[in-house]
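Take this structure, written in structure tokens, and hold onto it; I'll ask about it next.
In this document, chain identifiers A, B, C, D, E and F correspond to the written order of the chains, with residue numbering beginning at 1 in each.
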Amino acid sequence: MNTTLESLSSVWPLPVRGDSFERATPDLLRRMDAVSAATACAKLNGMGISRTAVQGPTPLDRGSRVVGSALTLQFMPQREDIASGTNQEYVERDTALWAVLETVQEGDVLVVQAYGSAFTGCFGDMLVRYFKRRGGAGIVVDGRIRDAARVRELGVPIWCTGTTPHYASQTDLFPWAYDVPVAAGGVLCLPGDVVVADDDGAVIVPSGKALELVQSAEDHENWEEFSRMRLEQGGRLSDYYPLTSNSRAEYEAWRDGERLPHA
Amino acid sequence: MNTTLESLSSVWPLPVRGDSFERATPDLLRRMDAVSAATACAKLNGMGISRTAVQGPTPLDRGSRVVGSALTLQFMPQREDIASGTNQEYVERDTALWAVLETVQEGDVLVVQAYGSAFTGCFGDMLVRYFKRRGGAGIVVDGRIRDAARVRELGVPIWCTGTTPHYASQTDLFPWAYDVPVAAGGVLCLPGDVVVADDDGAVIVPSGKALELVQSAEDHENWEEFSRMRLEQGGRLSDYYPLTSNSRAEYEAWRDGERLPHA
Amino acid sequence: MNTTLESLSSVWPLPVRGDSFERATPDLLRRMDAVSAATACAKLNGMGISRTAVQGPTPLDRGSRVVGSALTLQFMPQREDIASGTNQEYVERDTALWAVLETVQEGDVLVVQAYGSAFTGCFGDMLVRYFKRRGGAGIVVDGRIRDAARVRELGVPIWCTGTTPHYASQTDLFPWAYDVPVAAGGVLCLPGDVVVADDDGAVIVPSGKALELVQSAEDHENWEEFSRMRLEQGGRLSDYYPLTSNSRAEYEAWRDGERLPHA
Amino acid sequence: MNTTLESLSSVWPLPVRGDSFERATPDLLRRMDAVSAATACAKLNGMGISRTAVQGPTPLDRGSRVVGSALTLQFMPQREDIASGTNQEYVERDTALWAVLETVQEGDVLVVQAYGSAFTGCFGDMLVRYFKRRGGAGIVVDGRIRDAARVRELGVPIWCTGTTPHYASQTDLFPWAYDVPVAAGGVLCLPGDVVVADDDGAVIVPSGKALELVQSAEDHENWEEFSRMRLEQGGRLSDYYPLTSNSRAEYEAWRDGERLPHA
Amino acid sequence: MNTTLESLSSVWPLPVRGDSFERATPDLLRRMDAVSAATACAKLNGMGISRTAVQGPTPLDRGSRVVGSALTLQFMPQREDIASGTNQEYVERDTALWAVLETVQEGDVLVVQAYGSAFTGCFGDMLVRYFKRRGGAGIVVDGRIRDAARVRELGVPIWCTGTTPHYASQTDLFPWAYDVPVAAGGVLCLPGDVVVADDDGAVIVPSGKALELVQSAEDHENWEEFSRMRLEQGGRLSDYYPLTSNSRAEYEAWRDGERLPHA
Amino acid sequence: MNTTLESLSSVWPLPVRGDSFERATPDLLRRMDAVSAATACAKLNGMGISRTAVQGPTPLDRGSRVVGSALTLQFMPQREDIASGTNQEYVERDTALWAVLETVQEGDVLVVQAYGSAFTGCFGDMLVRYFKRRGGAGIVVDGRIRDAARVRELGVPIWCTGTTPHYASQTDLFPWAYDVPVAAGGVLCLPGDVVVADDDGAVIVPSGKALELVQSAEDHENWEEFSRMRLEQGGRLSDYYPLTSNSRAEYEAWRDGERLPHA
């Protein structure tokens, strides 16, 4: 019996849980896997979506990379009449943080609104361990994490604003809601959006734009491969990056299997 | 027919409206009127509620002062697939900003989560004018306002993080929800909480703590008046501020009408 | 003979002076005088120019307002081998700051790139006094000023990031060039652009967009006057701000002199 | 009997009091009274002392001005095993804040190290009232104050980083020591230094440099008066500000009573 | 003969040295060695000490870890009449920085108050080399270091706010005092406190709380090991982290050697 | 034919190109190669040049090191009437960024003014690849880069303020001019200055000071080697770092080949 998910406060019914949502299809995620955060961000900009790069969080480990559906968690400023780390009656496991971890599905990326707080270690060893056991693919938290040394050993890719010895409810914030829209690093993320994150940072791809993005990005990755080859052959930057009408014709011939003379 | 409150987005049902809530009673607000933001904040701290002073917003006009029930409004990062100031199909008046203004009641204080954005002028002349006509008492916005010169003439007390020529949906944010819990300047504010704001800043008083606060503050204001008199008579700071057991006895005699010798 | 404008450095020819430029016509400036910074910024945004509001500088005196052609001045980080406040051979009057003041024309607004430095008081009493005597209309400086008390008495409207006791070349910066494009508070300003500044902040209007802006703004100010009247008569915000197709028809009738029933 | 100045902590003997120090003579302070913060800062820079302008604190009221000897107070981060606002056994009046107020002499300027904290209201109505009654001339605090409305009525000039509803020991800091060297806004201030503060900010004049500064500043104020006259007569900026060898000769003749032709 | 420790200034007796202090016992430090910074910080918070995590400094090398007694050093803003890097008569080796290095004992952790300055490289290759030769165990500096490449080779664990080419007295600060209480990253550290630092950051353990902390932490580390095992066996997070009364009973049985069924 | 370097805007002739300049000689660069950024910065400070360390940019890869002549590039705030990433008519390859890359010579270090923007990825994989192919030695950018993972593989040492998925003209800035003086991280850099950058950061050496610096630094590196040896032999810090007149005599003997007794 799941007694821990009952409300933890008589003042406000907590934790808040948003509506159910749909995750991206495995096929879409597989195709997105070839797209870098930089290409996703640029293509979305070209498609008219301009705020997609989460400001603040950086990869805990260089070389991190993840693509997955967004599961969301929202912190709020702590208030002792509702719930608090220093409140006798408060049990941290009754919060949205414990609750959301029970809903993790294979491949999910947890996106967390924590206001970039330097004083809140939203996740530590035990929570990331549990997240991993449930199949979680990565975490993007606009806040800090703790137990960094142990967390790194777990190998779950994490984007965060730093590390801290504080635990999640120790100081200024506490976990409030999940499965709700969140604002992370100046970007709106809805549950079920697609997250693409790598060394450049994390990008939120609106679920309704993901397919169009993938199609556009695949062409982009292809012609960039051609451009790279041409530049290495001594081609001039302005002729091959981005493609001109001339070099696009060359590229299309190359793509279609023609043998080309050197640049 | 209220067609403007229908959803403005096919991606997400907007504007979001939270549950109904109760405002503080006129009698409670009247008693709170004698309490300064500083005293409210100090007393709440003594009662175990430590995060009550909204960080960031300062009074637009020196000498501003308001007490009222909190009406809440939440901005979110702008995303063009949902709603945007540059989106042809988007009509700003369909947002939570227009919607919340239609719900203002006599004496309400609007508390706005806008992430301290320097690029968003959440309110301008026309909106504040309308807010005032509906009886709104004051605005606490963790963001900026515009049309500052005209807004000052309206005489509605406003706490904000500055002024800007930008309008509410011009750049990074747009109005998302109302009647929901908000995080303003690091403080959690629920609809119906009591707001006390003056030159020191704005303080959020949890509705369930307001009565206890008022009772405690009234005694505090009384003995401070006595202390002030004693210090002016040459009393020593450590003897009269705060009261010692000796000086409290003196104070209680004075309060009960006894004539006291000079300090 | 203008000996002071000769180079002050053997390392680099200073001060740098850009090309000559055209100021806005008196008629255009007169029409712009009816446009608020907020309206200018919003209309330019609608015209596709999004970065026009200078971030940082606020009016030194509440109620300040200016419209004029931009004269520009650029500071650079100080380097003692070129020029420095602590260099014996350096004479501050040989800098671009003294030079630009000799070129001020009636109604000019000086726009200054000073990187928002908290350590540089770009203008003081004597320089603002001279600026005023030459007919200068206002100053927008992305940096600080000094002699604030005396400067306020001069009545020249100034937007700056604060005050400081430091003089212009005392610490981190020194005046480098004038009549050149500058970056002020995140906005590009070319010599001859139109500056509109008031309590909301300063807005840079590209000279080639000024006429279109004025035409659009005049209509805007007119219908806002109508909206204001309707709201005061009890009109509903969503019906009158901004205008709907219905209320625009009403407005146009009113504008054309028809008597309207109450809202 | 002054029992309140005994140690308030068994872990560390508090409050700490530094050695006795000498205040500036009334004559020196009277002469310094003619020197602006800007002139003091510039002259000290010319004398080789470069870090004198306190960064951060601004005047609570426009037009504030004070000259006096520095009395110092140092806050430290709060630690509950030593002393804390939430510690039952802790009595705020036992801190260095209460202690230093008992040592205020006529004309003193209190300089306070509070790390620019946004969460600490170092002084409120009662403390400033007491400070004033003891003859205190002004306060420069690298932190905030509370009870701003009432404090403004007292008319004591104050430079601070803002206002807050928090009291001095409510959150992150508490009063630790007095009569000790302090770091305020990046400037080292020793007890007995001379403070000159006005609308430009506060400047710390090392006591050993004050006499030299005064002498230099008096000449400066004089020739600036002459320059101002010349500029108003149409003189060229580069000829009269600063003085050239030619215009200095003119100035000296004028100073010595000669009648001069117009500039 | 130690002539270098004589005062370096006629204005103020430098360097300042605080009173003697006691270091933690080797046994206590050995037991503390099993405690992570995160656990220390959480346990101290539970014991009522809330500000223990030094904000700002991060490990220079990932995987750094140190436990030791705090030796303290305090910088102050530079003032050329007292001591300065550009002062001919000033010899840097006469400062508190050189002095404190002569007092380093085996296992000491140097905690440095440098206000998070981006312009001060408090330690470089030669000083860290000397610190290491004297047995120093680690450095926590709320400021920057220089010679980073060489310093990393020395293998002394260091927590700092970054690197810089500047040396310790080159710009804004200089070394003032040692063996005194310091404020580092918002935390008060007394000489002889226990420092625990790892990838999460540095925590200051008040010496009087260290024994209680160790006892509490040892139990914590034990049950976390049990929890980790249970989670890996498929246990539910809410049942095993933190322990419930049920799972604590299980844990105690396990700890006492009982064989348990799977979670 | 280089059509791409023609103006990209009818409003302002872009890209701007500064005057031609001289690079440092290979011999000078070779000698500079032995000088660390820290030593260069300290020696320049001793020579009277105080602002040489670029604030903000850190090495993308630990252990990075470069010495070379400065090639410069300046970004400006984006303005859609001139040039913009969202402007149909705008072709990014017509900007100063593409143009400057065509002028890269063997061993050049590109120094970029980008105001520390968090939203601008000034360089990505393709541009760095081209820069490398032309012989570019390193990049110091007061802004961010993108495609970080691929860029790291290229092995070009880069100092930047972070990574981002945004491309160079995606948001707030765009490339404006090259071969012009730039302000990077608070330091003035002229084309042809010498850049020395390593793990401590990047230092700009004025070209006219480079030879004097090299001579002074070579002696410095030598006596530091001697000091290091003495400290390892048990010498006292104050006796050997920096050298006293006694230890300098010892050093000179050692340098000249004498055998010395142990310290």
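Basically, a residue touches a chain if its C-beta (ideal position, glycine included) is under 8 Å from a C-beta of that chain, and two chains touch if they have at least 3 such contacts.
Here the structure is a predicted model, which means the values were calculated and not measured.
J.: Return the chains shared as contacts by subunit B and subunit D, ordered by label.
T.: Correct list: C.
J.: According to the touch definition, list the chains common to the neighbour sets of subunit E and subunit F.
T.: Neighbours common to subunit E and subunit F are A.
J.: Quick check on subunit C against subunit F: do more than half of the interface residue numbers occur in both copies, making it same, or fewer, making it different?
T.: Mostly same residues: over half of the interface numbers shared.
J.: By mean C-alpha coordinates, which chain is most distant from subunit B?
T.: F
J.: Please compute the angle of the rotation superposing subunit A on subunit D (C-alpha atoms), rounded to a multiple of 5 degrees.
T.: C-alpha superposition angle, subunit A on subunit D: 180 degrees.
J.: Most remote chain relative to subunit D, going by C-alpha centroids?
T.: So the farthest one, by centre of C-alpha atoms, is A.
J.: Averaging only over C-alpha atoms, locate the centres of subunit C and subunit E and give their separation in whole Å.
T.: Inter-chain centre distance comes to 49 Å.
J.: Any idea how many Å lie between the Cα centroids of subunit D and subunit E?
T.: One centre to the other, that is 34 Å.
J.: Take the average of all CA coordinates in subunit D, do the same for subunit F, and state the distance between these two points in whole angstrom.
T.: 41
J.: Would you pick out the residues of subunit D that each touch at least 2 other chains?
T.: 50
J.: Can you identify all of the chain pairs that touch?
T.: Inter-chain contacts occur between A-B, A-E, A-F, B-C, B-D, C-D, C-F, D-E, E-F.
J.: Touching residues of subunit B toward subunit C in the complex: what are they?
T.: Listed in rising order, the residues are 4, 85-86, 92-93, 98, 101-102, 118-119, 121, 124-127, 129-130, 133, 146-149, 152, 162-167, 170-171.
J.: In their complex, what parts of subunit A are in touch with subunit B?
T.: 11-12, 48-51, 76-82, 115, 172, 176, 181, 183, 186-188, 190, 206, 208-209
J.: Residue numbers of subunit B touching subunit D in their complex, please.
T.: So the residues of subunit B in touch with subunit D come to 36-38, 40-42, 45, 50, 52-53, 55, 58, 63, 65, 198-201, 203, 224, 227-228, 231-232, 234, 236-238, 241-242.
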